[in-house]
Each structure stands twice: as structure tokens, then as C-alpha cells.
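Think of it as A, B, C, D, E and F in the order they're written, each chain with its own count starting at 1.
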Amino acid sequence: MKFGILINEGPYQHQASDSAYQFAKAALAKGHQIYRVFFYHDGVNNANRLTEPPQDDRNVTQQWSQLAAEHGIDLVVCVAAALRRGIKDEILAPRFRISGLGQLVETGIQADRLVVFGD
Amino acid sequence: MKFGILINEGPYQHQASDSAYQFAKAALAKGHQIYRVFFYHDGVNNANRLTEPPQDDRNVTQQWSQLAAEHGIDLVVCVAAALRRGIKDEILAPRFRISGLGQLVETGIQADRLVVFGD
Amino acid sequence: MTILHTINKSPFQTTDLDSCLRHARKGSAILLIEDAVYAAMGNTGISERVGEALKNTNVYVLGPDLDARGLERERVVRGVEIVDYGGFVDLAVEHDHVQAWV
Amino acid sequence: MTILHTINKSPFQTTDLDSCLRHARKGSAILLIEDAVYAAMGNTGISERVGEALKNTNVYVLGPDLDARGLERERVVRGVEIVDYGGFVDLAVEHDHVQAWV
Amino acid sequence: MSADDGAEAANERTERNVKRFLFVNRKAPYGTIYALEALEVVLISAAFDQDVTLVFLDDGVCQLKKGQQTKETGMKNFSPTYRALEGYDIEKLYVEKESLEHRGLTADDLLVPVKVLTTEEIGALMDQQDIVISF
Amino acid sequence: MSADDGAEAANERTERNVKRFLFVNRKAPYGTIYALEALEVVLISAAFDQDVTLVFLDDGVCQLKKGQQTKETGMKNFSPTYRALEGYDIEKLYVEKESLEHRGLTADDLLVPVKVLTTEEIGALMDQQDIVISF
């Protein structure tokens, strides 16, 4: 089955991105496909490559970059939400790309299920 | 009177930073002093100079930079919270500085009132 | 000592107002800001609770946040005082400390 | 059609669980994740409400989120089923759509 | 409200690759950005020619309150955009009766014409969707 | 709990430029970061030789639940830090009785020794502070 994932909160402040990551890993392990992960609202902050958490903690951004590299997942950051919050190409982590909100609607159309992780 | 202000949320997602800004302006207009504005948790995202909201909306980061320039306000971003969220000197807006959590405790000690704006 | 309690979340969505009201002592002040301003309105499911609170505490609401949400000032519960940001500052000065129920 | 409802906020702090329970139709499923896992625990101020919900809906709770918060699996309300992330995925597959009460 | 629009309409949707999108608005405006950014998604969705429905419940009903004046807070008043939805052929706006009443509001307090539904009817509406995006 | 520690102690605090800091913890751990980052402020405050008190109420009481195991969620288990507070001479930890009971918990469920207070007593404690930082 093809899953779309929507993440509405930034890393660390809320568990949303962690939960979505665990969900995505479990879905892949079961042979499902992740059609796209769309980052909206403060979710765009997950794409900031400058993130540098304490060494004994997970790096949420790197986890997404790596999962995307391993499984060819499309990580899309909403351009309007990103501009508002200062997430631009110059600080974008690997495998993330900035695009329009249409990519979220398209995810809804193409994926079999859309799972939302929020505040 | 000397006010300390603590901001716990990033710009736009929550009203916290807007409310704090209006409070600070009103306090200054009444002849009070803002001892320091401390940015903690996602509040550190207020310091991202790459922020570029739509033209018909306020620029929360610029507002703080300008208010600080006009009134000599100390804008301090917590280093631990900032590292976790990828806010570093290279993207720091004018007049913000990154420092330790001790600056928050010190604000509590030195200011007559500490006002917290959060989630 | 007297406290200025601030609440910023909708009373319909979170239990923050409830918790504040349980802890606020006689003579303290409560200021409703941001999404908490809905608590100041009359004829809602929680207006009575706010009316009760007025017996022991002074309740204020931030006018600019009422206006932003299109809440008519004349529909505010009787006894709740409307202040602007300057009034918020004054309240912070007048009380010994400010406690946010974030 | 059947819906998988997900809730992620503490039932003691927000009204999200209440709202979900009011809208969830007979036969739908509710999955408690993140801070909503407190709703799965027995002997709390809201356990009864969850017990009521079990009559019409299937209630699940995410085990890893229980563990993170130190909530003993044996103290979970009888009838609430504990799943892991793989179980979350299965539930999403089994239902026609997923609706988050964020 | 066409609670069940029948097998014919369903078939037509499948052929045109049209899905039923439900946007669930449950948050008050201004305190958080969800209402504003939700509206941005809704507007974009219009360009995709999908079957779009908006439902406002809990504090979401407050998004539609008339007379919003944000000047003194320094924030942008985005409420006029709700009036623009009709121009994008987004016409299915449902508001929950119980949520309105609990907040002391009636349909007359709202800035756009909406259909008021009961909790039961909203629950039924949710059941009929393909994609639910909640804010 | 020394509800009122008298004029003498108050004078001594003023001379030493010591303020009464109250950290109010009202949020559950892990769902949001507030509990973890609150603890970081508390630890720093110890270095400033202030009069520090921690109060846990509402969902904040859940921060102290024994047996937290975060491995499967991928998050960091920060609960052992509460046990370290004593080493920093932060010993005034108060937990609200009503909040515990409402969540089906008792002091035995908590990972550090605390003093359990009623809502009324917590209210009194709040009144006696100079600085209140809430998370």
C-alpha cells in the first residue's frame, strides 16, 4: 500500500516527527511504500540541516535524510510555510526538497492513505 | 520597572512572540525597561534571519531586531535549545545573540518581573 | 503577595483555565490573552464558571485579542474588565509576580 | 466505510479525546498515541469514559508510547488493545481512512 | 447535505480520479497558525478539481466569526479569505451546531453562509471521505 | 513545607540577592519537549545559589513516573535526571495530590521522593514566590 505522511510540527518540540518516522520505518518493514512525506506548518523546521542535538539524543533531521536515501522517499517541504519560517535551500538537509502545497494535495490523491502527525 | 521576557514558541505557529512584542512595546511606551528577552524552546526560531513572510504580513524576526536596535534590548537565544533546532550564528538575525541558560536565571534575578509567553 | 495569572489557551480546548481557577487565591488577578479570550464571553458553556471566579478574583481580558477574533466587547461577561497591552503592563507592575498558565 | 481515528494529546489536558468520542461512529477504531496513551490507563478520572467508548468502538494504544512514559501495560483498561508501530500501520491499512484529532 | 450521493456519483469520481477531501478545522484563529495555513491548502486543493468539503467544529467554528480586527495585535487578518472560497467553487462548508452553541454563537455570527449540522451528521460526513486532513 | 519561613529568612535572602524561583511543571513528558528543557533550566539555576522549588501539577506529575523506557520511540530517556537533582541541592519537589489521584497514581509510582501537597497548599506555595517559570 502507498502511504502519504503529513508532519505539522518541528523536531524535538513535539513528538510528531518522531512518531511519523517510526510509523514510516514500520510501514517500510512491512513492505509498504511511502509515497511522500510532506512537511507543513512548523514541520518545515525538520528540514534544517544545521540541527545539532546533544550526542546522546537522536538527530531527527538526519534520520529523515537517511531513511529517504535508503528507500528513495520524497521529502517535500512546503515553500510558503518554509519562507515564513526561514527554511531555505541554503540550510536544507540532504534529500529534502522545497515545493508547493499542491504536492500535499497530490499526495492525498495518489496515496492510498494519508496519515497526519501534528501538535 | 525592569521587565524580563521569556518566549517559548517560534514565530507564526503560535501567537506567543507577537504577544510578547506588543507587551514589550507597551512597556517601553510607559517608560519601563526591558532587561532582556530570552528565547527558549522553539522560541529560538524567532532569531532566524532567513525568515521571509508574505509581504502583507508582519516580519516577527525583523520586529524584534528593530525594537532591540531602537531601545538597546538584549535578545538572548538559548544555545542548547538553538543547537537542537539548527539556529546558529550563520543564520542569526541582527541584535540577537546566542548564550547559555544562565542568562535566563540571571534575568529572573535582575528583573523586577518575568513574563512568560508560551504555547 | 498577589499574583497576576495569565492564560492564553481556549477554555473549550484545554483545562488550563480550570487549573488556574483551582489554584488562584482570593484577591489575585487573572488576565485572559490570545485564545483564552473566549473565556470572557457571555452565554457560553463556561460563562458561569468565569462568573463564579469573579467572586474571588479580578478577571481581565485583552481587548486587542477580543477584536482580532471578532468578539464583541459588549458581549463580555459583566465584571470582566477589558484592558489593552498597556493595561497588561500595568497589571504586571501592580502584582508581585506574573504566572503564566501556558 | 470505517475510520481509524488517532489521538495524540493527553485526555487530562485537552478536549480532543472527548471530541473524537462524540464523533466516532460504531465500528470505527481509535488509536491512542503520544500523550494520549494516558487515556488507556485504568483507575483514572477518565477510565470510565474510555470503558464506555469500548462498547461501540475498538480502542488501541501504542505500546512504545506507554513504555516511554513508564505506564505499566498490565494497568491498561481491559479491552484496550496494545499495538506497536507495525500494528499502527496495520490498522491504517485495515481502515478506509485515517483521521487525526490533532 | 447529500449524505450519500449514490453509486453513480462514486463511479464518476473514480473515473475522473477525484477523491473526497475533508478538511477538518478544529482550532481557533490567531492563537496558532493552523487556521490560516489550512486555508492555504484548501485554496490549492481547488486547482486539483477534487471533491472538497470543509468542516468546522470545536474551536474551529471561531474561525468564521464576523468582525475580526487584528490591527492592534500586529497580526494579519486572513478572515476575508473565507469569503473568497466560493469563487474557487469551494461551497461545502459545514459547521457543527453543538460547537456553535457551546461558544454562544449562531450562524448569524459567521462571515460566510454555512450549513449547520449536528454532531451525528458530522460523524456521518467524516465516514464518507477518502482523505481527511485535520488542523 | 515551610509555608512561611518568616521575616528573618526573607531578610537574609534579600541581603544575599537570593530570589525564590518556582518552576511549575504542568506538561506530560515526551509528547512535547517542555519537561526535558525545563529540567535543563532547573539544573542551571542550581549554580546561581537561588531558592529553587519545583512543583508538579496537572500532567506534570507524569514526568516523575517510574519505569520510563523510551527505546522504541527513538527518543532520549531523560527521567534519570530527576534523580540527580538532589546532588545539585534541589530538594524542594512538590507534587499535587489531586493531579496524582486523577491520573490513578500515588507517590509510590514516582521515581524520586516528593512531598505531596493539596491544591490549596500549592496555591499558597505559588503566592510566596518571586519568580515563576512555567512550562
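The rule we apply is simple: a contact is a pair of C-beta atoms (placed from the backbone, for glycine too) under 8 Å apart; a residue touches a chain by one contact, two chains touch by 3 or more.
In this text, all values refer to a predicted model and were calculated from it rather than measured experimentally.
**Q** So what angle, to the nearest 5 degrees, turns chain E so that its CA atoms land on those of chain F?
**A** 180
**Q** Pick the pair with more C-beta contacts: D-E or A-E?
**A** It is A-E, judged by the count of C-beta pairs in contact.
**Q** Going by average Cα coordinates, which chain is farthest removed from chain A?
**A** It is C whose centre lies farthest from that of chain A.
**Q** Could you give the separation in Å between the centres of chain B and chain C, each centre being the mean of its C-alpha atoms?
**A** Taking the mean C-alpha position of each chain, the two centres sit 24 Å apart.
**Q** Can you compute the centre-to-centre distance for chain A and chain C, using the mean CA position of each chain? Integer Å is fine.
**A** Here chain A and chain C have centroids separated by 38 Å.
**Q** List the centre-to-centre spacing of chain C and chain E in whole Å, with centres computed as mean CA coordinates.
**A** 29
**Q** Check each residue of chain C and list the ones that touch at least two other chains.
**A** Counting only residues that touch two or more other chains, chain C contributes 8-9, 12-13, 15, 34-35, 64, 84-85, 97-98, 100, 102.
**Q** Mind pulling the chain A residues that touch 2 or more other chains?
**A** Within chain A, the residues that touch at least two other chains are 8, 12-13, 15, 19, 22, 41, 54, 57, 80, 114, 116, 118-119.
**Q** Indicate the residues of chain F shared as contacts by at least two other chains.
**A** Answer for chain F, listing residues that touch two or more other chains: 30-33, 58, 72-73, 75, 130-132, 134-135.
**Q** Which pairs of chains touch each other?
**A** A-B, A-D, A-E, A-F, B-C, B-E, B-F, C-D, C-E, C-F, D-E, D-F
**Q** Show which residues of chain A lie in contact with chain D when the two form their complex.
**A** Per the touch definition, chain A meets chain D at residues 1, 3, 8, 15-16, 19, 22-23, 25-27, 29-30, 32, 113-119.
**Q** Considering only the defined contacts, which chain C positions touch chain D in the complex?
**A** For chain C paired with chain D, touching residues are 12-16.
**Q** Contact residues on chain A for chain B in the complex?
**A** Residues in contact with chain B: 10-13, 41-42, 45, 48-54, 57, 61, 80, 83-88, 90-91.
**Q** Hey, which residues of chain D end up touching chain F in the complex?
**A** Going through chain D, the ones touching chain F are 8-10, 12-13, 34-35, 38, 41-45, 47, 63-65, 67-72, 75, 84-85.
**Q** Any idea which chain F residues touch chain A in the complex?
**A** Per the stated touch rule, the residues are 30-33, 72-76.
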